[in-house]
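Would you mind keeping the following structure in view while I ask a few things?
We just call them A, B, C and D in the order they show up, numbering each chain from 1.
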Amino acid sequence: MIENMKSVLTRVEGEGNIVIYEKEGHVDSVKYEVIEAPRFFEFFVRGKSPDKVVDIVSRICGICGTSYNFVASTAFERCFGVNVDPEIMAVKEAQHLAERVKSHILHVFHLNLPDLVNTKSVVEFIPRNPQLSKRALEVLVWSRRAMEVLGGRMHNVVNIKIGGVHRVPEKSEVEKVAKDLGTVMKSFIEFASFVLSLKAPDEFMQKTSVKPHLVALYPSTLEYPHHSDKVCMDGNVYSLSEFYGNIVKYLHVPHSTAIHCRVKGTESYVVGPIARFNQFYNRLSKEVRDFIETYGWKAPLSNVLQSFVARIAETYETLLMLEKFFDTYRTRPAPSTAIPEKGEFTCEYAVEAPRGILYHKYVVRDGKVVMGDIIAPTTQNVAAMDDIATTVLRGKKVDAGVVDMARKIAVSFDPCLSCSVHALPVKIIRV
Amino acid sequence: MYKVGVVKLTSCSGCICEIAYAFAFDDILSNYNITYATILADVEEMGDVDVALIEGSVSSKHHEELVKAARAKAKFVVAVGTCAVLGGIQSLREGSDINTVKKAVYPNPEYIDVYDVPKPVADVINVDFALPGCPINGDALALFLRKYALGGLPVAFYESVCAACKRKGLECVVVSKGIPCLGPVTNAGCGALCPSFGRGCYGCYGLKYFDLNKEKLETFTNRLIELGMGRDDAVALLKGYGFKSYSTIVKGEKR
Amino acid sequence: MGVEKVVASSSELFVGNFRDLEAIARLLQKSFDGAKLYGYKLQNDRAVFGELSSVSELPLKVADVQKPGSYRLVSGIRFRHGSGSPKVYLLPPEHAFIVVSQNYDIAELYNGVKEGAILFGIKPCDRKAIEILDRIIYGKNPVYTKRRDAVKAIVVEECLEPAETCFCSAVNAGPTISTGFDVAYARLHEDLYLFKFGSSLGEKILSRVGVKKAEESHVKEYLELVNKATSTMNTRVPSTKNVQDNLKARVNDKKFWEEVSSKCVGCGNCNYVCPTCFCIEIEDRIEDGYSKRVGMWTGCRTYTYGLVAGGHFRRDLYTRFRHFVLHKFTFYPMQVGDVGCVGCGRCSVWCPLGIDLKETLNRLTEVKVQ
Amino acid sequence: MKEAQKVASFEFKKAVITNKIEEAPGVYTYTIKLSEEFKALPGQFDMLHVYGLGEVPISLSNIPMVRNGFTIIQHTVRVMGAVTRAIISRLTIGSFIGIRGPYGNGWPLKDVEGKDIVIVGGGIGMAPLRPIIKYIEQNREKYGRVNILFGARTPNDLLYKYELNSYGAIPNTKLMLSSDTPAPGWPHHVGFVTDLIDKLDVDIKNAVAFVCGPEVMNRVASRKLLGKGFRKEDIYVSLERRMRCGIGVCGTCQFGHYFICKDGPVFRYSDIEEYFLIEGM
């Protein structure tokens, strides 16, 4: 095991396995193996011009690709000293917000719900409750339309660039989705009410106190965390470079193509909905908090299996943010931006992707990226996943229930659709 | 009811989400049943299916086995997305030594077991239908599913992004703004998204391998340079998402 | 269908200004129950062909700078045309023919447009292109036919200063017009318009507008400009006869065709922008349990053209490139009795590679047949 | 120009399939019943429409017949792509199908009365030639000697196997078959169908030839017939190009200055030779 790596890069998502290490019939430890073949983005962003990198990195994750081009473009803007008009920035942000809606709904409906209602898949759930499914799909389809209008398509949007956006859509185009927001809000509330009234299966969790650190971006405004250059861990605020340069250590473990991140090399931490929700509950709109509390939920959520509550709250909050955006929307010409041809720049920034903090750092020399460092949310969560699952399940007799719980823990982290894998194949290894 | 299996290989999973979207339509849900998809259902192995949707490029022996098994169990195989059809963005590593590549990203490159260059699915098995796109357009997939359910297929149009651009009444960004654009050499299917946002196409549906040869690609590269791009950038852009087609065209292998 | 065949055309010119142009539009719209105006206009700083809310939308304060592979708008008064043409109205890029139910019952058949249309400020080359389309698809393509029937009147703007890429005079399509229109005008100066009529309707309208006979100096200036335009454009391409003879001689000269098409990537832009290209692909789209058959622009330079199940008749790009030229100059005359190219230059301007038809034609006649 | 007289249109007739038989692997003959009158000449084609998928040009493979007030027509369809796939896999007895037509000019049978007839067909090309045989059978006295040359890749790929022998039994008619590949028990020629042109038994000076098959076969057949002394005017070839409308709208079937759908599909060799010899025309 190598510790304290400098310039360590990560990748996420894709295929994974749950590995249960067993001792005399009882769980010794649990590890989540990411076996997805790596794609080496950090390698091939090198030598490319920063504007091309903005498009390329969105392919790191199909579900939250907008987070990638959002954070990359903003990192470059900041280090090149590009001033982005707040209204243009808002168009860029809105694409990211619409993506958050999409991602959360996909997770809660397609991936998490089957666990909450004990079906094998959403495919089974749909005929059981077609009405409610319709509501969820309405929100999903609306988020797609919003992303299409603002960014061109539901995945890998094409309307984000260094300096803001390529084109500010016409008011009439935006109106087409804005006018349906009211209906979608209703569908969402109906769906959310159902989900919030479900009980998280937390019998294991209650008995143990697993306390990984909670880490979210520290918002510069009074809003709920969105994007920032500061990190907040358990209430303490750090700069991005301090946190990712010194506090976090990176480990490349044999069982995973993803790099593991640990605070000081040993302690795990959690990013994502639950970290945001528990630390910044008060920054949610009152409307949202009231709604959540009607169903008996509020911060802090006691374990990760309850993270769907945070997702529902965030979706609600995000829809409200979009509503505000639509209300004052107007079109304007998009600016053109020149990328400096000479000089060396170190560019870093972070955004709250649906699954947690996404941190990018680039070094640009004479108009070309020479180094790219990308730390994705799942990378930061896998160590916590291992730790939580191990603590919760250690000593239990290896049976279907154990495997199921290991699966549920993974799913509730939503480690990115493809590797969250509702059906992580299980391997049991005797030690 | 047709049974559908979704096989995921190396990719960003964007196509999987588009698949999920295509399955949000009533008429599709009433004709198709997803019986295997690791993201969507707790089923670990694919049984016999009518249609296998294979997403992502083949990066390892393990993938190769998955794909062959899918072929054996599926009546109809669709390569979904530019990764599956042409290799996808990860093929940008082609031409570099894999060990250098691994070292650039991983402290312990020996843990990483992947092919030097990812393969398109059609390099491993016979593919019945291809839907390029990074990601694919969920509506195009829905169209395919609707037509397949009627016993037929969508009529295949082999055309450039320009076709959609002109049909949408957009103005060519190369001609009217001097912006480099890959539209003329890129497979249609996206509905000319980038030009509709006033920017040049960056080729995410892959190069129009059926119409190009080395010389034409070279003239096109020169045109991009004329429009202000550096040669490296121009070549990288062309390699982009359809590197498989780029390299076969450049090597003059097949058309 | 707009414009009577028997024309009360006059070579007589009248003089007026923009207000008279407005009056012409108003009177025409009144004569045809509020028919809509279609013409060129600026939309988000670009020239498009579409519905005009009034003639003041015409691109009166811009000029285009056209070169092979490049198009820019600058301030001026000599706007020629953009990538769109009246084809955009008459044969829309996507047009539905029929909607069919699952039971094979016809749910909807294309029935034409409700309002009449007045083509306003189109160019002589555009008018000629319509004539060619009429001869080739009028009465065949139901969408074209019905939309064409909706055209009640045609007002043409003559071109006094052609763009660098124009050669209409060399193919008898401009820069002036003598038949097939109701009213034509030319802008001698920013607000000095010369009018003429091409039909009894046009005559009536002009007399109601009350334009005066043009002065001799106006006519002289007009003719000088026209002559200059004509003689410049005529030298840009070989004579049609020369082109046709050489096409015949070297239709099989593969090397020549490969050479002139070497840059072509088969994107089809030339086809889409050409005002006389009419080829379509047809797609059946399933929407809400109905199947809608839609025609969409395609063209002979795209791969699909010549593709058949199990084979391809024009796989090599040079054969498709060649077909375009042959169709315009050899086959159209055999099909409709006239050259199918109106010399507008769009195919060269809007070719992203800047492949210039003029150059192809010149090389065709200059380079010795192998 | 006057208001459009009669605008061609995409309107089709709704028909019912009354029979479907397998001719060869992937090739089926459909019998279709129409409640309206429908006249067609041998060599003409229809646009067959499948809901949601599109239309394909398919030749009539028999002369339309009238039975109990219905018109019965036949089409032989080979599975190729988007639309034909659905016809073969989905449409069976009782299914609906849309039909537009007949289109095209057809074989000039009236003009060649009194002459000897040579028919050369390969693969699916046998389909548009079959109505000629049926027509001659009904009007035997109007024509001289008849030679029918049919070939396919394998014996099993020949169409109309159940009635081929009856063609040979038509008076003064010679049937010659070929298979590209040898097969056990195959008594006929092995090789290309065009080889059989060497064995023609007609008065070449007073004969016409009707040819339909893949483009290569058409070329070879024409060349060999010319070599045998046929005049260019006496050879007729049925051609194919991409065809999306059948009525001169889509433009994609252009062959030189011809539209195959309106000016063809049957062409006199002398009229097309100029184009026929150019690659990629």
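Simple rule for what comes next: a residue touches a chain if its C-beta (ideal position, glycine included) is under 8 Å from a C-beta of that chain, and two chains touch if they have at least 3 such contacts.
As the structure is a prediction and not an experimental result, all values here were calculated from the model.
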{"item": "Intersection of contact partners for chain A and chain B", "value": "none"}
{"item": "Contact clusters after notional removal of chain C", "value": "one piece"}
{"item": "Highest C-beta pair count, chain pair", "value": "A-B"}
{"item": "Distance from the mean Cα position of chain C to that of chain A, given in whole angstrom", "value": "53"}
{"item": "Centre-of-Cα separation between chain D and chain B, whole angstrom", "value": "40"}
{"item": "Distance between chain centroids, defined by C-alpha means - chain B, chain C (Å)", "value": "37"}
{"item": "Where chain D touches two or more other chains, by residue", "value": "51-54, 81"}
{"item": "Per-residue overlap in chain B, given as positions that touch at least 2 other chains", "value": "146-147, 154-156"}
{"item": "Touching two or more other chains - residues of chain C", "value": "281, 283-284, 286, 298, 304, 307"}
{"item": "Every chain pair in contact, whichever chains are involved", "value": "A-B, B-C, B-D, C-D"}
{"item": "Residue ranges of chain D in contact with chain B within the complex", "value": "50-54, 81-83, 85-86, 89-90"}
{"item": "For the chain B and chain A complex, residues of the former touching the latter", "value": "8-18, 20-21, 24, 29, 33-34, 38-44, 59-60, 62-63, 88-90, 92-93, 96, 101-102, 104-108, 111-112, 114, 118, 134-135, 137-138, 190, 193-194, 196-199, 202, 204, 230, 232-233, 236-237"}
{"item": "Complex interface listing, chain B residues touching chain D", "value": "146-147, 150-156"}
{"item": "Contact footprint of chain D on chain C as seen in their complex", "value": "1, 5, 97-98, 100-106, 109, 134, 137-142, 145-146, 149, 251-252, 254, 278-284, 286, 291, 293, 295, 298, 300, 304-311, 313-316, 318-320, 322-323, 326-327, 330-331, 334-335"}
{"item": "Residue ranges of chain C in contact with chain B within the complex", "value": "46-48, 69-72, 82-84, 88, 93-94, 262-269, 272-273, 281, 283-286, 289, 296-298, 302-304, 307, 317, 349-354"}
